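Labels run A, B and C following the written order; every chain starts at residue 1.
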Amino acid sequence: MTPLARSVQAVLFVAEKPVSRGELVRITGATPRAVDAALGELEALCEDTGLRLAHDGQDWQIMTSPDAAAYVAAYLGADRVRLSPAALETLAVVAYRQPATRAEVEAIRGVNCDQTFYTLMQRRLIEERGRRDAPGRPILYGTTWEFLECFGLTSLDELPRVLTLPEPEMRA
Amino acid sequence: MTPLARSVQAVLFVAEKPVSRGELVRITGATPRAVDAALGELEALCEDTGLRLAHDGQDWQIMTSPDAAAYVAAYLGADRVRLSPAALETLAVVAYRQPATRAEVEAIRGVNCDQTFYTLMQRRLIEERGRRDAPGRPILYGTTWEFLECFGLTSLDELPRVLTLPEPEMRA
Amino acid sequence: MAVDGFEGPLDLLLELVEEKKVDILTVRLGELADGYLARVRALDQLPADEVSSFLAVASRLVLIKARSLLPALEPSAVEDESETEADLRARLVEYAAVKGRATALGDRLRLGERAFHREGGTVELPPRGGDTSALAAAWTKVLTLAARPRDEELVAPGDRYSVEQRTAEIETLIAQHEALSFATLLVRVPGERATLGFAIVTFIALLDLYRRAAIDLEQDELFGDITVRRKARA
């Protein structure tokens, strides 16, 4: 393991929230390219261990591996997250289309989604992501780190692929 | 890496304090001898990385490697309080409503707050303040001197005033 | 908000497609119209705020069916493009994909194979540099979330009307009076304006009675009152 990758690993270990690539560059004094390489090295090293390197855009965090979940939950006394089918549908639309407005989610699901948005916000699975530059400037929503964590994903690229139907055009 | 070593690694990773061998045995359901082997495996794996497996008697903990210390200090020194958004929310509820019970904070936030209470207690930002004279005699929490210091306040009266939303009913 | 197991009109329509065991891309949606109306009628209650969306899909299905029965029935210029069968099908396909994804996410959740992060705690530095405005913002956020209405408060039980029940009421009335005005039927409590939910349920009940040939509907002028007339039994 290179010294840089070791330092990045140590910093991500003590961090209490995701650390951006920019911050890693600043702290280590390395070039962005070198930091990327170190992250890649760390990611490969985590394979087959109890830890994973996860990222959301350019923010990075070390997480536990999903197959160790039962033991970690036993240690932490953590509750299992439960979501209604309705909340899961709303979450699915936001996760796969993000950022998305509430009106877009409602257009797709064909129902009012106030309650499910409320539930998902409370559970921190989705969050506000600015506003769309359109009439009324509606709020945009995206998924959170807790979402990745809750579903044991290391990045949004790992979202399960489902169906192979052509996706229709989005009507905002 | 064996599945047991992976699980032990994941548990030690999330733990914010040393975990005893006995606790690891209880959580994993493995024999003490198997847990020892897993710890040995983990120790060997940590060599040449940014992390170390440390122990004090039978208590085990993952720590950062000394040669990464400068970067860890650079990261932590930049802004020492790095509370997760969840921890910040729990702290906000305790700070503005104190004294408050855990059940009250959970009723307001709508989610389980065990972990964030633990973090805040560890960081000495909140502390116990006796018990409420109610069924079950739940523990009351309030903020500490360190909280005032950390946020640069001379007293709680200096907490920023916030909106005038009606305060929600507490369902303790 | 689930309506007898259906989360909205698309959910119900999708189930009908699946019941027929046909491909969503080839099924003739108009053929589902009768089944759809029957299922909506059988629901014991529709929340007032969702009636319109069920109704919108129902009317679209009926229109598609009518066009298939009467090929000469060209779409009028007034109807906007979104009224086509292709558009409804596209929405249904998209919704089916969403359902599949939701199920996949739900499966992951059930497996419980989640990840955990570390909250920190090994470093024994006295905490410093807290941001009071971030703290205040967090408190505001908690208050805002906590102040939002919860599910059980959204629809008061008194505001729920069942189409079944309303249909039965109108049948009783029409048995007593040969003809009634629509305006009369909208009066639930004398002197009080009907709620939108009550009006919509009444309207669906009338459409249903008309479909079953129990009543005739007459309207002399655009936006004029509608006369509901008992239909002579054949």
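For this structure, a couple of remarks:
Everything below uses one rule, namely that a contact is a pair of C-beta atoms (placed from the backbone, for glycine too) under 8 Å apart; a residue touches a chain by one contact, two chains touch by 3 or more.
Note that this is a predicted model, so its numbers are computed, not measured.
Taking B-C and A-C together, the chain pair joined by more C-beta contacts is A-C. In terms of Cα centroid distance from the overall Cα mean, chain A ranks first.
The greatest centre-to-centre distance from chain A, using averaged C-alpha positions, is reached by C. Note: centroid distance chain A to chain B, computed from Cα atoms, is 21 Å.
Put simply, the C-alpha centre of chain B and that of chain C have 45 angstrom between them.
A straight line joining the Cα centres of chain A and chain C is 32 Å long.
Shown for chain C are the residues that touch two or more other chains, namely 116-120, 122-123, 145.
Multi-chain contact residues of chain B (touching two or more other chains): 10, 13-14, 64, 72, 76, 82, 84-85, 87, 109-110, 115, 119. Residue ranges of chain B in contact with chain A, taken from their complex: 1, 3, 5-11, 13-15, 19, 23, 27-28, 45, 48-51, 62, 64-65, 67-68, 71-72, 74-76, 78, 82-87, 109-112, 114-115, 119. Residues 1-2, 7-11, 24-25, 49-50, 53, 57, 90-91, 93-106, 108-109, 112-120, 122-123, 145, 148, 150-151, 154 of chain C are the ones touching chain A in the complex.
Note for the complex: chain A touches chain C at residues 13-16, 52, 54, 61-67, 69-70, 72-73, 76, 78, 80-86, 88-89, 91-93, 95-96, 108-112, 114-115, 118, 121-122, 145, 148-154, 159-160, 162-163, 165-169.
Residues 116-123, 125-136, 138-147 of chain C are the ones that touch chain B when the two sit in their complex.
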